[in-house]
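Residue numbering begins at 1 within each chain, and the chains themselves are lettered A, B, C, D and E in the order written.
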Amino acid sequence: MLARLVPILLGLIVMGAVLGIAALMLLALGQDWEDALLWILAAVMLGSGLLVVTMRDIIRCGLAMIVCFLALAGIYTLMGVPLLGAAQVIVYIGAISVLILFAIMLTQTKDAPSRLVFQTQAGVAAIAAVVFAVLIALAVTATDWGAAAKRVGISTNAMSKVLFRDFVFPFEIVSVLLLAAVIGGVFLAKREPGGPS
Amino acid sequence: MSFQDIVPILPLIAAVLTAAAILVVDLVRPGRSAPAIATALIGLAITAAITLAVGQTDASAFGGSYKVDALTTFLDVLFIAVVAMTVVFAPDYLLPRGLPIAEFAVVLVFAMTGAMLIAGSADLLLLFLGLELMVLPGYLLAGYHKTDGYSTEGAIKYFLLGSFSSAIFLFGLAFVWGLTGTTRIEGIKDALAAVVAGTEPLSAGLAMGLAFLTTGVAFKIAAVPFHYWTPDAYQGSPTPITGYLSVGPKVGAFALILRLFVEALGPLAEWWLPVMIVLATLTMTLGNLVALTQDNVKRMLGYSSIAHTGYMLVGLAAYAAGQLRGLEGLLFYGAAYAFMNLGAFAVIAALQKRAGVTSALDTFAGLGRREPLLGVLMTLFLLSLTGIPPTAGFFAKAYVILAAVQAGGWLTVLAVIAMLNAAVAAFYYLRVVVYMFMRDPASDAPALRHGALMWGGLAAATALTILLGLFPTTLLGVVNQAACAISASPCVAAAAQALP
Amino acid sequence: MSDSLDTYLILSGILFAIGSFGFLARRNAISMLMSIELMLNAVNLAIVAFGVFGAGPDASAQGAVFALMVMAVAAAEATVGLAIVIAIYRNKKTPLVDEYDAMRQ
Amino acid sequence: MNLNDLPILTVVTFLPLVGAIVVAILPSSLTRQVAVGFALATWVVSLLLLIGYLPGRPGQQFQYVEQADWIGVFGIQYKLGVDGLSAALVVLTTTITWVSLLASWRPIQTRIKEYMISFLILEVGLIGVFLALDLFLFYIFWEVVLVPMYLIIGIWGGANRIYATIKFVLYTLAGSLLMLVAILATGFSYQAANGGSWVGAFDFVTLRDFAATTGFAPALQVGAFLAFFLAFAIKVPMFPFHTWLPDAHTEAPTAGSVILASIMLKLGAYGLMRFAVPLFPDAAHTFAPVVIVLSLIAIIYGAIVALVQPDLKRLVAYSSVSHMGFVTLGLFVFTQQGIEGSILQMVNHGLITGGLFLLVGVLYERTHDRTIAKMTGLAARMPLWAAVFGFFVFASGGLPGLSGFVGEFLTIVGTFAISPAAAAIAAFVMILAAGYLLYMYGRLVFEEVSDFLTGLGGHLTDMDPIEILTLVPLATLIVVFGLQPGLVLDLVRGSVDDTLRAAGSGAALAIAPELVIVAVALLVVGVAARIGWVLAAGRGGPPDAALVGREAAR
Amino acid sequence: MTIEALLPLLLLLPLGGFLVTAFIGRRFGKSAHWIPVLAILVVWIIAMVAVANVLTGAAPLLPGSEDTHGYVAGPWAWIPAGDLHIDFGLVVDPLTACLLIVVTTIGLLVHVYSIGYMSHDPGYWRFFAYLNLFMFSMLLLVLADNWLVVFVAWELVGLSSYLLIGFWYRKRSAQLAAKKAFIVNRVGDLGFVLGIAAIVVNTAAAGHPTLNVRESIELLLAQGEANPIPLVVVALLVFAGAMGKSAQFPLHVWLPDAMEGPTPVSALIHAATMVNAGVYLIARANPLFASTPSAMVVVAAIGIFTAILAASIAMTQTDIKRVLAYSTLSQLGYMFAALGVGAFTAAIFHLMTHGFFKGLLFLGSGSVIHAVHEEQDMRRMGGLSRKIPITYATMFVGSIAIAGIPPFAGFFSKDEILGEAFKASFYWVWGVGLFVALLTAFYMFRLMGLTFWGSFRGPAAIWDKIHESPRVMTVPLILLAIPSALLGLAIGLPLGSSVLHGWLEPVFHHATELLALPHESYELFGVDGALILASVTVAVAGLVAAWRLFGVDLGRFRAPARPEDVRELSARPGLSFLYRASLNKWWFDDLNHLLFIVIGGRIAAAMWWFDREVVDGTVNAIGRQTVVAGRGLGRVQTGHVQNYALGIALGLIVIAGSYLILTGGPR
């Protein structure tokens, strides 16, 4: 019982912390709403991400993932790329997540949740993950990205220009890629008459 | 988007159309293998022809995001040849197990398209897409024998690890892009050159990006310690597909390295050279040592392919140390390795025509008596893999070693290590020969009859294995051109240099 | 704060780490799949951020397109992955990857 | 006909290959005849070659040079040429080959076709090694030799054949692969010194002249020499690298042993003489003391170990180690008599040990056993065999008037000029050789017929015509070369002078004494550690010699 | 037809006889002896003619010599080894001539004798083939003018001796004895071959490497101290070869065992000819030795020591042939002593006389053994004089000769040796020699007594069957008895400056000059007479002692053979040790067995163990460890995909870290 709660509690704590910081920034440090919003979204994203990888019931994991993606879409919008946010919602939540949920339905045996969720190497994995995060953070902060000032909002047609002028070839390639994936996927997924049920 | 843009990518289009044609033929005559194979081979032939034709024009398309140079042509032809051979060798294995040829061919051709795209792309995004287009079908093919536990197990291991590494690789790409602000190879090269020209140390972000990229490609070429997927995927996959996996994606990944590391990250060679040396050493040594104890030939060849990655890395390191020859050696090795390894797997596939025959070492007991010709051919391919003259494998090794020796310094040590490894490798290759010729067959099953297709393919592989060993000059010229196409330093055509 | 590149990169890094943790730690094949999706999203975030803050003409648009492509690739990967998962599930009757160990050494 | 017109070297090299192909095509019934036929044809061609060479053109070397660009990019050529040394060895090879094919007539009854094909391909490799004048080509032939031998031992060998053959191949390969690195490095450093032009970078003559005039850098010389030396020393085999030989000999079929002893071991000596010394004279001088010491150890040690061998073939194998010690010794004293003796010793050892293995094979055919202790009194059962065996035993023991003696004597003289002590040690083998040879001969031939042999009854027939035919040429040559060693010496004089000149152009490099000390210390520690480990592993100490004592000479 | 042209026949005839008999002799059966015997007969005739001409000075002068007459044939090229050209030619000078007399004569007689002696042997043809081979080798040895050719012959006589000792190949003892003889000889040959190498080096230093005996010795002496290898070393090395062949002290052990061979072989090879090769060699190299006095002393010491050692052993041996073998050793010791003191002529003299009477004695003993049905133990003989008178008579002559009773041959030669030793003031040699003379007389007559006198001690059944040997055996005995008796008178007179001296003077004068021996005139009624008296006395004393102990009933010396006297005598405390020592040959065989079989065997076995476990073991261990390492690394492949993933992650971290380090540092 307690064990079931741990991940949820973990997620709540993180969220609370981040919300707290956000509120603090708003009220005490008097920064603008964007920051606060970013913080909240980030908190949601990371929290739900954590839930995805920690929760026991895989279906809940799937739902948490959707939340995570939503938050990310929000962040995109916040960064001034609304179109991408939309795409995120459509592609991920509309397609991938549903796909995954179907797969979950297909592959869950009754006793699956009751069994151990984590690998024996979970501890090491956690350490490795933290090291990743730390390394990246350090590297990022240590680097001068020569970034220009933040440019807000890119017009849809600018983006479409880029997409259909400079990146038309990749675009076609992606279509081929999807075609290949579909053909193969169908072949693998469809049940053989002779094969095991 | 204009006609000029279309010409360079005609080979890709031809490849895709081939796939489509196979699909159509399969719709018309469902489940019939002969038409599908015919279509595939014809399509591949056309593709090859177009490739060679286009190869004459040194054109680039889509704002320089895709360009055709000697390297592209060489690699494209190589990929086409590999895929064609795979198609030729497949039926003996697939048909008895009730696996359709058509889907197989289609997916295979798509994978080939991806590889060709890598070979030609001058743009990070295209590189990534080409990589994905090459490996995704690979995952599918690995699990192609979907009712077989081993096949699917190999597939899922391959897929999970593969996509993991793809993510890592992509992360690296993002960093490089973020630092250089462009996705074009040329642009990146210039930007990095500027960075390197500076006196202050390189930025940590670049280091991270480099690390992520190295890990990504090292995984794709199955370099230690990122090789784990190889043995399982190879052992599990249907034999002809194992043959393809051990060659196509590997050479494709090396193409990626050439385009990304040699070209784009060329200015950083000074930094990734030591890492490559270490990787090469680890890869050769572990591959050979572990292969010693394998009792399953496919798995053994899996480890041996890891070892061969190591040898190719020696060539790369030699190039990074300033020897263009290293690059040539790498390319030559790729070609030689492709044919001899495919040949070896073809023999295994031929043996496994009788359903239920495993690839365990005992399978080969007395092969020399049961099917002498197959035995002799297998011996030839194994000798070539060992590096015994006069075979392609030998000359490839010698070439890479020469490059390393020329580079001198640590590379000489690397060369010696490589040769000691070759001696170790001889043991497990010859072990197969021992089983084939010096053990009596476990069961005296009647000799199998193999189709003209199989024999033709084997003949081709044999011929190439021997000819590349005896008369490598032609190919040397080609690889020289190809290497010159991407070499950072001004490149003298070795062919001209050799004339007395 | 929200106009500094580092923030987003660090965010993406953390998300990437979370995803990789999931990939390394979860036993269920589909959980691992989801973890991979998380990692890809992290990368996407980084890409977009780079685009938005990047120099050069319409860099941000480029970044966005880049991200779009990655999404597509992710979709393709998901398709393939799920197909394979289903196939192996048929053979092994379990989604737990650490029981797929018929081949070793 | 004018021999210079047709590419006789190519013919003599690849005629056996043609033979192999023909054998492969023709029905099995003809296999033996065709194979022997081609071997004989090759032999005849090689004799023509010899005759054409002989009209005294010693001094200026390398006749019939055939040259063709092969891999132009690196100036790798298809270049064959013959001088006295290679001529002698080629004829030896062709002779021994048909002899051993004849010798396989009765023993080999299974998979004859494969056998003959392997043998003919083996001959190609052997001849090629002796004729190649391009380092790269040489290396290729060198490796080509491996595979057929591997099959011959592994397929038609004795009970423990697989262990033996794999050991043989891996051991040889380990050495030769390093030699490949050395070859490439040599060629490259020539190219570098030659203004980046690869022309002639692997051409032996060019390289030798370069070595004689400019000379390679000391570092390269040392490294390359060591690599070459390792490869050749394993093949010879010299003392610490010899342990593959007894196994290979014991397990190989008779003809295999013959080729192994008569020709294969010569490859190493030939390589040392042709390549290692002339190309890296300074390094050769630097390491000469080491080589000499190793040779002396091999001479004495091989003989002593041979004294206690219960197995006939093993005994002969160890005697080979001892005899080949003379070859390396004579070469590395860098004196005229030494080198001439060493070459003579090569030829003689080829003839004599080859004959011994043939005779052992004849015996094995009938008894299917090689244990000396089991067989006594053969003089009564196989008088002819006993007589011929005696002839070869005494030839091997260096009986004057037979060829074995001259080579050993010249070697000793050549060594004496450098170091009397070394010569004395080398000459000491006269006693040991008499010991193990007469022990073997006495036990086998004299005394009452042993029960084991009596049990064989009618199987124990004397030699049949084919077997006699195989031994006649060897015996004849042994006598002829014993009475007229000039036949060989005049032939190889040119090669000897070249080797001497090349060696003379060198001078020992300075080596830090502490290096030597460290090396020796490491060696000692290593051996001690090994001994300790073995003893600790409980694999027993040195066995009690009481039994040995009873067996050994009184 | 000149003699030179005939010289090669001396070699070719026996060689041909050997080849023919060896290849097709089996078919001839009992008539296989004809070809070999005839061959030797012709050889004998040619040799005698040549010898006569050479010794009488009818032969031309040798090239490059002003006073030596002789014949040369050849030279023919043999080994052209660079600047060293080894040719071989034949030369007959007085020294060779003297040897030829002994070799060919005794060789011929032994051939004839063997016809009868071996008549019942299945290996009849083989025996004659071997004999001819030996004759070829021996003649080559004495005729060759080149060190290396001499060495060739040296080895070939060794070979034929091996074959003949092991002639009865079914006897294990024969096999072992043959092997022992060959190996022990090889020990000496080792020295010889090194000596030859040294000569090459020295002559090469003189600018003209050669192995021609005459030239090389001249070069060596001319160079003197300038020789890279000191002359004394060369001399001793050559002497080592002589020791082996002539069975001198440390290397004497093979000769007694060699008696396993048929008796004619013992007579020919191991008494009359081959064992003298060492003496011949040193005589041949006399200037070399004469120029290194220290070497001479060694020769003398070894010789005289061998003489007394062998004599002491001969005292108690019971095998008739072994007694003779030890006496041969002892006599050879005399010869070397003579050489050592510079009495080259005396050595050759004794060589010749000893050749005849010892050959006679051996053939006689063979006749005895034949008579008593292959019995060799003298304790089961006795009283044979009545049954086989001819053998008895001839052997008696031989015994007196060897005992040194004038005027028989042995007296002259032995007395000359002792005298020369005394006058060269080698008193110790003289003293010991004198004592050995006593022993010699004693053991020889002990042999005679035990064999021919007293009463037969063997099984009575045999006694009746005992009969004299056929004529083909007795005639050679008689023919040999003649020179044994008269040779001394023929060439030993006048005392002091005998005929033989005249013959050999040109050969040895160089050496005698080098030695600068005081050559005072011979005084029969002075020191020389005294010496003669002394030696004769001791000889007679020994004779009488033996007679007392093993003698027959004769007048008032009536005393039947009383072995119990011997037993009681040898039981005396002082003597008992000597008795046992003599009986056990001073334990030399046991010492050798300990050294070379037990210890040597252990060393060899240990080396083999070292080879298997350490050398080969290391090789195999490397291979095994590689595989083990492979298996260990293989464990990484757990089959769990997430372990793999973790591995990848860790690898990534490591690479990232290393990149940070690599790129971090300023360039």
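By our rule, contacts are C-beta pairs under 8 Å (C-beta built on N, C-alpha and C of every residue); 3 or more make two chains touch, one makes a residue touch a chain.
Because the structure is predicted, anything quoted here is derived from the model rather than measured.
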Fill in: For chain A and chain D, chains touching each
B, E
Worksheet item: What's the chain with its C-alpha centre farthest out from chain D?
Response: A
Worksheet item: Measuring centre to centre with C-alpha atoms, which chain is farthest from chain E?
Response: A
Worksheet item: Which two chains does the highest number of contacting C-beta pairs join?
Response: A-C
Fill in: Chain nearest the overall Cα centroid
D
Response to the item:
So, in whole Å, the Cα centroid of chain B is separated from that of chain C by 26
Worksheet entry | Cα-centroid distance, chain B relative to chain E, in whole angstrom | 79
Practice prompt. Could you please state the distance in Å, as a whole number, between where the Cα atoms of chain C are centred and where those of chain D are centred?
Written response: 64
Worksheet item: Cα centroid separation between chain A and chain C, in whole Å?
Response: 8
Discussion item. Where in chain A do residues touch two or more of the other chains?
Written reply: 119, 121, 124-125, 128, 132, 135-136, 139-140, 145, 166-167, 170, 174, 177, 180-181, 184-185, 188, 195-196
Practice prompt. Would you mind listing the residues of chain C that make contact with two or more other chains?
Written response: 16, 19-20, 23-25, 27, 29, 32-33, 49-50, 54-55, 62, 69, 73, 76-77, 80, 83-85, 87, 90-91, 97-98, 100, 102-105
Discussion item. By the touch rule stated above, which residues of chain B touch at least two different other chains?
Written reply: 125, 129, 132, 136, 140, 143, 146-147, 156-157, 160, 164, 178, 203-204, 206-208, 231-232, 293, 427
Fill in: Full enumeration of touching chain pairs
A-B, A-C, A-E, B-C, B-D, B-E, C-E, D-E
Practice prompt. Give every residue of chain A touching chain E within the complex, in rising order.
Written response: 119, 121, 124-125, 128, 131-132, 135, 139
Fill in: Complex contacts: residues of chain E adjacent to chain B
623, 626-627, 629-631, 633-634, 636-637, 639, 641, 643-645, 647-648, 650-652, 655-656, 658-660, 662-667
Worksheet item: Mind pulling up the chain B residues that touch chain A in the complex?
Response: 1, 5, 9, 16, 19, 23, 61-63, 65-66, 98, 100, 103, 106-107, 110-111, 113-114, 117, 123, 125-126, 129-130, 132-133, 136-137, 140-141, 143-144, 146-147, 178-179, 203-208
Worksheet entry | Partner chain A, residues of chain C touching it in the complex | 1-3, 5-11, 13-22, 24-31, 33-35, 37-38, 41, 44-45, 48-55, 58, 60-65, 67-69, 71-80, 82-87, 89-91, 93-96, 98
Response to the item:
Touching chain E in the complex, chain C uses residues 20, 23-25, 27, 32, 97-98, 100-105
